[in-house]
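Take a look at the structures below.
Both complexes shown next keep subunit A, but they swap its partner, so subunit B is in the first and subunit C is in the second.
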Partner chain A sequence: MLLLCSRAVHRCRRAYHSYDHPKSAGPFNAAEEAILAAAYRQVPEHGFTDAALAIGAREAGYLDISTNLLSDGAFSLIQWHLVQQREALAARKAALFADDSSDPSAVAARVEALTWERLLGNTDVMGRWQEALAVMAQPSYIPESVKELAMLADEILFLAGDVAVDPTWYTKRASLSTIYAAAELYMTTDHSPGYFDTRNFLRRRLGEANEFGSAAHAIRQWVGFTASAGLNMLRSKGMRI
Partner chain B sequence: MTAIPLRYLSSGSPALTSSTASTSHPNGSNPTSGTRRLKPLAASQRAFLSSALRVNQAGELAATLIYTAQTPHVVAREPHLRPLMQHMYDQEAAHLSTFNALIARHRVRPTALYPVWSVLATGLGWSTALMGREAAMACTEAVETEIGGHYNSQIRALLEMVSGWEAEGYDVGDELRDLIRTLRRIRDEELEHLDHAVQHDAQKAEPHWLLTGVIRAGCRGAIWVSERV
Partner chain C sequence: MASVAAAAIRPALRWALRRSALSNCQLSRTFSSTVRQSRAPIPDYATPNPARPTHFGFETVTEAEKRERVAEVFTNVAESYDRMNDLMSFGWHRVWKDYFVSSLNPGFSPLTPGLDPRAPQHILDIAGGTGDIAFRMLHNAHIVNGNPDVHVTISDINPAMLTVGKQRSRSLPASQQAALSFVEANAEDLTKTKPLSMSPPSTTEADITSAIPDNSVDLYTVAFGIRNFSNIPAALREAHRVLKPGGVFACLEFSKADKFPLLNTIYKEWSFRAIPLIGQLVAGDRDSYQYLVESIERFPTQEDFRDMIVDAGFVVGSNGGYEDLTGGVAAIHKGMKPRA
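Take a look at the complex of A and B:
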């Protein structure tokens, strides 16, 4: 049953993105949004906790008990942060890339800039982010957390103008998710000014992934070329294949 | 025998007759006027659209690979078929790039079995071409028969979606109209390949019933899987 529900959610979220039609409702309803938005302001002080949720509910004009609306409790607050930050990326894209040319050679640089931008979105709650990561790693929240991570990777690659729809679609998203998660964890213990070390960490990891990707591409090309050359040679010898 | 009636079946249905009929809006609403009211896509509609684009991309990928594998053999035996093979390949390649662009634009996940379809399609093209021109054409006939029916059922579902919105008083966006128009054009081109195949002795392949039966069953299975994975 749980599996079915999560599959249904997965399907409706990862499906066809329309430009004409208005967006379908998000994961939170109006009351939940009001509570979460107020509670989120308490996070630097109270952390991603039920206490922050209770204060938020009171501030939004609801009773403390109304936090029961949010069946996942503190995890809803984390989810709120993740969704807000992910959706904010699209707006920040315009500021990041002045020229709107979708030059394919710039995709890697755009991915790096967007990933860094997303990481900076955690700075306000950085003191509490290790706790949040611990909550996200709880078994019952792992599917939702992983899904959100996958959606972030998809968003970054889409905004960066990546239009590959072959098997690299999967490998790019998988490697970006891994790199983002690693950089996020690294950032929680980074005390360098302006998260300088995290920036370099991110740059190195993305560089490695790109190198690996181009090596794999080169190998595929070589195999394809050799195979067709071999086939043509056999044909030139009169073999009917 | 099974191949030819399909075209008449499909275009005989009033909903599918001409592309000009679909583009004129019954309410006469002008897309450029600012008062457009579109209904948000339901989860099931989005799921349908994404699986439709996914399976179409997989199908066109397979088609380009089939023709790529067939062309050297067919042309080596009968050089006069070169322009026909080239023409069919060019159309399939254009279809593939159309769906690649749509998939990227609408953020649909491509099929996870991309490498599997590549291998199977190349193998199918290569083996039928080895069996001779008739078998290669029978392969085209079988594939295009299934694909024509498949596109027709997609167009039908989209038209149902559109008429549902119109019945509820909503407008229909250009995005969906363009998609229907594109699918119709591609459907017609696929059925044109079917006619070419039949003209070039597809039905003289031995044994025709077995060859087309197996390939059509394979196509249906591949469509079923690609809609899901």
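Take a look at the complex of A and C:
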């Protein structure tokens, strides 16, 4: 019965933040969480593999065969990592931003800080992350992976205090998703101390997005103004528009 | 006068009924385990009752009658069973079975430094008469995963099907034959199993029964069998009893393709028109194959069957607990017995 409920919740999981609805449950039930939490500790040694899952299941007091509960196998372990890291961001926000002011001008800086924080969340499993990206790119797992990426972008923008509800809601999330995915891939081959190169890469990409965003905004304003001025001029000439 | 007499004996009748209900309870208690006693009481529908109505294809019969008639069907089709499966599904049942076994990955047991952590695995293949699933399990465990410490017990209620499986197993490597055993048992009550004997049973041999103990099985599989059971909830509870905590129940069964109307229409046409005809031509037995397609039609939907599995005490995966194959023509359900 409990599982039925969790499935229903799972189905109506929202991809955005709401102040009016309770937080939806994660994608895993209690038994799955026990196995995954133990298996995740095996990742640095065994990677995101069935072997890590089986050893984790053993440590959690289950059998090798119990991993069959996780229908996506190794991908479930990757999903576990993604969900854990995403949910941990909210707690790290307090440490990142001492002042809790929601100054709109600081949103861009906050987005950068949060994205960087999330990228650092991959450092423990960095040696295995290329494998994980390869698994996530398998056709049957792409929908879940993209959904998780969208939820991450939403989480970052929400925590950064972005409250815009105009069409930029979509463009911001889309561009942040793209930048995050690119930076994550860049990071897997980055050997600079403290991932210095990745940090610069991220900064450049976000800067470009902001520039492009403001340029697009300026063009849109100009087009809008010219169109309405032209329309008014035609009306003043007696045209019935 | 008669009504007065009836009124007089009514309390006595009621008492007798209550007595029989009580003794039924005690009967079920004899093979219930300590684990089960600590759980919620077994609902009435999950206790086998030979007189309770159930369905046999589109007919309604009693549980006892269904058991007999299913036995008759499978005794009739045992010889031609594999050939018919190929003809009916264009060989596709092999793909389903291969996928079923490889997704379960029996025998997979990674080594860790230090002591060998691997424990022997015991697989119980219910309704596995002709060995289709069991032989694949052994191949996957012994050859693909290189783990010889995997034993498969093939259980079937029907000795005719088991005999076919036993004969087919002769072509397996000796090491795999040694890891196989055949027992005759009713899946609703695995406390009474009888090893398959190839010679006609003598009176002493026929009485030898042994139980599959509680918490002794790693993996319980049933492929294309569960819809023939007289009492599915009872069989699920029996699966729960024999499985170790953490053990997995896995079922491959025909299901509903309602999500794809076009596929469903073609599939229904094929199954109701062609399959009984093929049965008549190839196996010379139309009725058995008519039953086959009707029983598929009567089997619960993916979600309802998943709920039955949960009801029996299993934990199912959070993404629904089942996986459709070929658009839902068949489906794999998996459940894990939670740790106490």
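In this text, the second predicted complex is superposed on the first by the 205 of 241 C-alpha atoms of A that agree within 3 Å, B and C clash if a C-alpha of one lies under 4 Å from a C-alpha of the other, contacts with A are read in each partner's own complex, and residues count from 1 in each chain.
We take it that a contact is a pair of C-beta atoms (placed from the backbone, for glycine too) under 8 Å apart; a residue touches a chain by one contact, two chains touch by 3 or more.
As the structure is a computational prediction, the values presented were derived from the model and not from experiment.
Novice: Report for A:A31: first if it touches subunit B alone, second if subunit C alone, otherwise both or neither.
Specialist: Only subunit C; A:A31 stays clear of subunit B.
Novice: One more residue to check, A:D154. First (subunit B), second (subunit C), both or neither?
Specialist: First partner only.
Novice: Check whether A:H46 is in contact with subunit B, with subunit C, with both or with neither, and answer first, second, both or neither.
Specialist: So A:H46 only meets subunit C here.
Novice: Which of the two partners, first being subunit B and second being subunit C, lies in contact with A:M239: first, second, both, or neither?
Specialist: It touches nothing on subunit B or subunit C.
Novice: Have a look at where A:A94 lands relative to subunit B and subunit C in the superposition and call it first, second, both or neither.
Specialist: neither
Novice: Would you sort A:Y62 into first (subunit B), second (subunit C), both or neither based on which partner it touches?
Specialist: second
Novice: For subunit A, which residues belong to both interfaces, subunit B and subunit C?
Specialist: none
Novice: Which of the residues in subunit A come into contact with subunit C in the complex?
Specialist: Within the complex, subunit A contacts subunit C at residues 1, 3-4, 6-7, 10, 27-29, 31-32, 46, 50-51, 54-55, 57-58, 61-66, 68-72.
Novice: Mind listing the subunit C positions that touch subunit A in their complex?
Specialist: That would be residues 103-106, 108-110, 112, 117-119, 121, 218-219, 244-248, 250, 307, 310, 315-321, 323, 334, 336, 338-339 of subunit C.
Novice: Going by the contact rule at the top, pick out the subunit B residues touching subunit A in the complex.
Specialist: 38-43, 45-47, 49-50, 53, 57, 72-73, 100-101, 103-110, 112, 114-115, 130, 173-176
Novice: Which residues of subunit A touch subunit B in their complex?
Specialist: On the subunit A side, the touching residues are 8, 11-12, 14-25, 154, 158, 163-167, 169-170, 235, 240-241.
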